[in-house]
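Chain nomenclature is as follows: A, B, C, D, E and F, assigned in order of appearance, with residue numbering initiated at 1 for each chain independently.
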Amino acid sequence: METLFFAIITLVAIVSAILVISCKNPINSALSLVMTFFCLATYYVMLDAPFMAAVQVMVYAGAIMVLIVFTIMLLNIRVDATKKHTHKVVLGSIIGFFTLINTVFLLLKGHVAVPTGPYSGEMIKQLGHTELIGKEMFTNFLLPFEITSILLLVAIVGAVILAKKKL
Amino acid sequence: MGIEILGLPMMYYIAMVAKVLVAFIFVLLTVAYATYAERKIIGHMQVRLGPMRTGWHGLLQPIADGVKLFFKEEIVPSQASTFAFLIAPLIALIPAFITFAVIPFGGVIEVAGYKIPLQIASYIDVASGKVYDVNVGVLYILAMSSLGVYGIVLAGWASNSKYSLLGGLRASAQMISYELSAGLAIVSVFMLSGTLSLNEIVTQQSAMGGFGWYVFKQPLAAFMFFICSLAEINRTPFDLPEAETELVSGFCTEYSSMKYAMFFMAEYANMVTVCALTATLFLGGWNGPLTAEVPLLGPVYFVAKVYILMFVCMWIRATLPRYRYDQLMHLGWKVLLPLSLLNIVATGIIGYFIN
Amino acid sequence: MENLNSYLIVSAILFSIGTIGVLTRKNAIVIFLSIELIQNAVNLTFVAFSRHLGNLDGQVFVFFVMTVAAAEAAVGLALMIAFYNNKESIDVDDVNLMKW
Amino acid sequence: MSEAVAQQIEEQEPEVDLSLADKVIDKYIDLPGNLMPVLQGVQEEYGYVPRKVADYVAERLNVYPSQIYGVLTFYAQFHLKPRGRFIIRVCVGTACHVSGAPRIVETFFDKLHIGHAETTPDLRYTFEKVACLGACGMAPLAMVNDDTFGKMTVQKVDEIIAEYNQRPMK
Amino acid sequence: MNPITPIINGLKITLSHLFKKPVTLQYPTERPKVAQRFRGLHALNVSHNKAKCVACYLCPTVCPAKCITVEAGEDANHDKYAAKYEIDMLRCIFCGYCVEACPVDAIKMTGEFELANYRRQDFIYTKERLLEKK
Amino acid sequence: MVNLTIDDKQVTAPKNATIYDAAKLNGIKIPILCHDKKLKPFGACRMCLVEVEQMKGRQIPACTTPVTDGMIIRTSTPDIVKARKMVLELLLLNHPIDCPVCDKGGDCDLQNLTYEYQVNANRFTDEKFHHEIDYNNPLIERDMNRCVLCGKCARICDEIVSFGALTFISRGIETKIGCEFEDALNCEFCGSCVSVCPVGSLLARPFKFKSRFWALTNKKSVCSYCGTGCNLTLGVKDDKVLTTIYDENQGFHKGQLCCRGRFGYQFINSDKRLTTPLVRKNNVLTEASWDEALDLVASHLKGAGASAGALATPRLTNEELVLFKKLMETAGSANHDHSAGYAHAALTEGFARSFGTTASPATILDIQKSDLLLVIKTDTYETHPVVGFEINMAVKNKGVKLNILSDKSGKLSKLPDATTLIHTPGSEIAVLNAIAKVILDEKLADGSAASIPGYAELEKALAGFTPDAVAGQSGLKATDIKQLASDYAKAAKALILFPAGNAYPGHNADLASAAANLAILTNKLGKEGCGILCMAEKNNSQGAVDMGFYATNGLNASQIIDGCANGSIKTLFIAGENPVVSYPDQARIKGALDKADFLVVSDLFLTETAAMADVVLPACSFAEKEGTFTSVDRRVQHIKPAIRKIGQSRSDFDIFGALIAKLGGQAPVAPSAVFDEIAAATQGYAGMSYAALGEEGVFAPVAVKPVLVAPKAGAVTPEPGKLALVTGSVLYHNGTLSQFGEGPMYVCPEGYIELSRSDAARLKIENDDLLNITSAIGSVKLKARVSPRMPEGVLFTPYHFGAAEINQVWTGAPITWVTLAK
């Protein structure tokens, strides 16, 4: 049952990922990417990380992609069907394929450590995923967390400066 | 326990389907008669009558409207992006409905010896008698409602019309802005409840004879959440995306017949959802007197609370004029956002001292 | 719970598709989308490993990645808008002012 | 004036003899300001100023016919209609009025079947009410041509009419 | 300035209105009672079996919408009468200046307000159509 | 100049001005009802009361009081306002307040003053008048109930028109304005009384109830009837000319108009106007498109050479005439002429011979400045009524002596102290020669003329014209001739006027020369108030001559007609003329036009001539086009369109331009461009432009090189038993165009024959008898009109009417001998 479900999700994820890079219309690309994000959210649920799934949908699909779609509409980009660079496509595909082979090979052949951490699926269910993540974040990773907030602030300032025509 | 499928009793599936059906039909009917009620209520508030002709006091008006929309010609503008144009109403409608999956609309009832929690995405652990549901329920709702914007934005863009596009742009900007404040407003609720599970939140409010509502502990958060929710679902006074005086009909300018009906339904379904969520988070959900003795009272209280909130929505619509766009942004970013942040800080400090 | 490898393979496939997108497309937005795809593939790996190892560090890292992605989106899109305002295009081939 | 009388006078407009007018005009034609004497002469000759004569005078003297008519209507001395042989004037001034002039006037009207400023069809009498004749001591007063009749009574009216009926027309 | 109070006041007002008796009329079945001074369709007054209008041209002169066309004629008694008197209801703004300007009280405005028609020419009210119905 | 103070304002005024004049001159308004610029002060209405300090503050009428030095006048003290209000109240006492039905409403002085002084109520009451309204004539309605007795109508009728139809009758409280014996108005219907009436007592019936004054747009124009060149203000509404509007400041004539000018405008918007081109197909005139018609015309004109001929009416503008000439040049023909070929002979031959120029060396303005007028033919008044008004005013106001030399008497003869010499028809030239002879013999002139070329020849030629000899021949007394000669010669300034036109074949080159001789011999030329004015018939006759639109190298009108008859003219283009009615000998004209291969007529109406045409082109009236007209005294005036063109009609300018373009020539763009060409090429027009013409026009100067020419006096041989028929123009009509004006046709609807009382008595003819008039070439039936003005043996008939075409009996000779039968 779960394998079947996994297979379907995988299929959808890969197809929509391919659509992202093959659609001529950026809007369609963006929508396909949203689809991919959903699939990933599903994976996260299956990996006992419902909080991650919810955040994935909220942040990626609900915020970042909306921003991108907004930009696409704002710029009113025409479908770029004018020039075709076959050699580029072929070259890119070869590199991509090579990367794929390489990565898969490395992942499969690489040594995988045995579970070391304390958190099993049952335990997560018992304690609540959100709580665990929160604890981790605000204890062990407090400094990085604060640094990301500075990163976001910088990003906001940068975006405002860039988007403004005249300062 | 009878037949089991995939380790779950048959009854589980039957109850699940029944709950989905009940919730779905409830939302649909509410949507239908919300349109009627809205026209009636606003009519009377403006010392008019509202619909009077179709059926007794116009009771059949929603059906007539539906039939009319159903039989109208399907029009797709020649310059529109056909696929996006067709899919947009669906994208708008579906999130509005699926959020209902995690909202508890009653306690646990027992049918034919089988205990059924009145929440779609939940099950009861018979052994412990504990109801398990999606433990990130609120986040789920926030995630889903953030998806509703896609329908509107797509509709605006796909129509290839300047009014529609402006409507879509306004919708996306508005929803992103207010989602933030809405999310922060309910953080204070989580801080009190310590959980994201809606079922848990409702249970926590059952104290004080069913009146331990968070609205008493977090009135500001309740108020802000409700306002932000109105903005997120484009209700007056925040209905800028379809401001008919400026944008003809905003993102749905080019829509007609069933596709238009879907947007219409989505809007009202969203209203139901938002009201249900507010009721759940702040008004004790299905809690009320005597629910323990008569479990069926739970849904009744819940529905009553939802309807009262919907009435408030309509009341606001009858009262307030539409905000200007800059006022809207001002309110969202400069008033509600700081207020919600302050609320969190205050909740944290007070909670720290109390505990 | 599927085994770790299936997630890793899915992640690898998505990563490669993202790479191909970055390499072959010229529309800056699509390239941006492809980068997002790559990031998500990596996120998936993180979460999968985190689950496999019973350690939440990976998931916390995913959190940071998302933050970075959000910042990236904000700045990147602002850049694109600025560029579009100047060139009426977001084709990366047109970003050639510094090309000699 | 009653309709019948008016019509009679209309019909009575006789064929006038223009040579009489010629005589008058020839007499004055070379004098400046000759219109009044000519018209007076014409009135003398015909007893009134017939329209045809007025037009003829206009043509001969080279003045506008309208101008002649203006002059004729301005002066009370000119008459545009034939006048009776005997002009009966009854004073209706204040003194005569209080002494009963209205009754005298009524009686004349009844007897002669004409009204004020009208002429009998046989052209014997013309009746006129006039303002003071200057002999208030004799009120009420009547005059026939140049003869004066003071202290008039209804009986005296009959007598006057009877007397003047006897007189010849020429 | 407190932004909340006005909103609450507004809500109070709307709520109180909710319980008022609606003023709406169920129009085709319930007929409105037209006010005495309502300015509806024009009518030409009649006196002695004749329109009172003497075609003085004051109404077309004063008409701000220029919707009145008058052509005067001379009748057998050499009197002036309106040989043509037309009001184009498509242009009329029902200001009532014509009634005010009329020196002989020949035109009035009736309570007639249902002026819909199917053809454009039906909106041009000729003298015959405007004559007071008795 | 006199200095005085009006309303605390220091002003100056001419010495003989009245207070009213002085105030008006200085922009101070004094209300008045009974004043008109042209009329003598009267002081009837008492609205113009003012206070004069020197007169101890008494209220005196401004319009009759002359100014004196140092006068201090106040025009609007409270007392004055009160008095004026009282005057208005008293006027309104009897005035019916029927403004809604009164056509004067909106243009009514009484209404305006009542409004201005806010006389809302009346303290007095009295019965209104119950006078009968005069509806008897179709042009002027008299409603004496509305009269305020200002007397302007009676005064203008006397002082300017000299008809005296109206006067005050029944003085006293019953005073009213009326005609003799309370008759219906029966005058010459110039409408002057209507124009000055301050209230609605006198109204123009053709305009009655048509529109309100304020709804009209005033368009200035120039009258298109006779050659006087009167300025006209057209009242236009909805592209229709509804009336003519009186403007006392307009033109030399101060807005004064004649019957046809004031009431004859209806032809502009006549139903009978042609609206589409007509082409003869299967012998029927059928509607066609402009392209079709013009292509057809162009195909016949192309390369036509001398086989093409053109006749134009002198009602066309100067620009059109020049363009018509150009069109014929493009076609290769020089055959163009107007008005039967002789109507302009007095100018083109007579004046050309005697003065070396083709224009009259005098202007209409000279009439008032002269000492003596010698009017040849009393028709002067009838052909050019406004000139007649000028003569009236000159005689009555300025004491100018008036001598008339005519074959019948007329209205001018009735003017005070006018001397009328009635000669037998056709002996004008002989009489003029006799006068010249007397001047020479009795040395009445200063003798400076002896040096002028032709003096000796003239002296010789005049040998036979002794007064005695001419007296016998002309039926005049020798002493009268001598008297006239000495009067003329001794007058310091003397002006000769005579009319010319289609109906005056006798007024030819020799008459012009004979008259010119008198002026040259006595040196009455080139000075103010002197000279000769030949008054051509149509509004642009002088312009046609100036533009050279008469036979110079080619055939003249008569020869063109002959050419049609004998086949040498194949294509004839007639613009606006109606030869079938207006040229003599109808049978000949009709025959000739029938024979012409291709006849094109452009006209406003389907005239008798147009009905014979192969192609009829609808042309425009003067109110629809732009151009210039030249009046008889060479005043060049500019007209602008007052209304849009009727139907598909086009101006002749556009028609000729289109044809020139079709023939491959260069068509001018606008009339202004053509006028610039005219100004450059025409003697006297130099320096003119549309802008420079302004509203009143500009006189083209006339340069005179006098030559004495011996005129031939054609002997008139009376035919025994026959009467002499002279033709001419009647007061109400001009050419054949006025037939389409309702006003003139109401007053004078048909042709008639006028005969003397003695003839009538002898032939036992009474008014309105239908007479059969037979001449050598035909006969016609006309109604008789017995008139005191005709001498025995002379008949007169106007020529305008298409319905009774007098040219069936009229041959074009100065006198036609006819017999009359009942």
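Convention: a contact is a pair of C-beta atoms (placed from the backbone, for glycine too) under 8 Å apart; a residue touches a chain by one contact, two chains touch by 3 or more.
Computed from a prediction, not measured in an experiment: that's the story for all the values here.
**Student:** Give me the set of chains touching chain B intersected with the set touching chain C.
**Tutor:** In this structure, the chains that contact chain C and also chain B are A.
**Student:** Using C-alpha centres only, name the chain that sits farthest from chain B.
**Tutor:** D
**Student:** With contacts defined as at the top, give the pair, A-B or E-F, that has more of them.
**Tutor:** Between the chain pairs A-B and E-F, A-B carries more contacts.
**Student:** What is the distance, in whole Å, between the centres of chain B and chain D, each centre taken as the mean of its C-alpha atoms?
**Tutor:** Computed value for the inter-centroid distance: 115 Å.
**Student:** In whole angstrom, what separates the CA-based centres of chain B and chain F?
**Tutor:** Those two chain centres are 94 Å apart.
**Student:** From the mean C-alpha coordinate of chain A to that of chain E, what's the distance rounded to whole Å?
**Tutor:** Computed value for the inter-centroid distance: 70 Å.
**Student:** With chain centres defined as C-alpha means, what is the inter-centre distance between chain C and chain D in Å?
**Tutor:** 132
**Student:** Assign the assembly's chain-to-chain touch graph to one of these shapes: line, ring, star, complete, other.
**Tutor:** The chain contacts form an open line.
**Student:** Would you please name all pairs of chains that touch?
**Tutor:** A-B, A-C, B-E, D-F, E-F
**Student:** Give the list of chain F residues in touch with chain E in this complex.
**Tutor:** My answer: residues 99-101, 105, 133, 135, 141, 208-212, 214-215.
**Student:** Tell me, which parts of chain D touch chain F in their complex?
**Tutor:** Interface residues on the chain D side: 51, 54-55, 58-59, 62-70, 73-74, 80.
**Student:** If you look only at chain A, which of its residues touch chain C in the complex?
**Tutor:** Going by the criterion above, the answer is residues 2-3, 6, 10, 13-14, 17-18, 20-21, 26, 29-30, 33, 36-37, 40, 43-44, 46-49, 52, 55-56, 59-60, 63-64, 67-68, 71-72, 74-75, 77, 80, 83, 85, 88-89, 91-93, 95-97, 99-100, 103-104, 107-108, 112-113, 115-121, 132-133, 136-137, 140-141, 144, 148, 151-152, 154-156, 158-163, 165.
**Student:** Tell me, which parts of chain B touch chain A in their complex?
**Tutor:** 6, 81, 83-84, 134-136, 139-140, 142-144, 146-147, 149-150, 153-154, 156-157, 165, 168-169, 172-173, 175-176, 179, 195-196
**Student:** In their shared complex, at which residues does chain A touch chain B?
**Tutor:** Residues in contact with chain B: 1, 25, 27-28, 31, 34, 50-51, 53-55, 57-58, 61-63, 66-67, 69-70, 73-74, 128-130.
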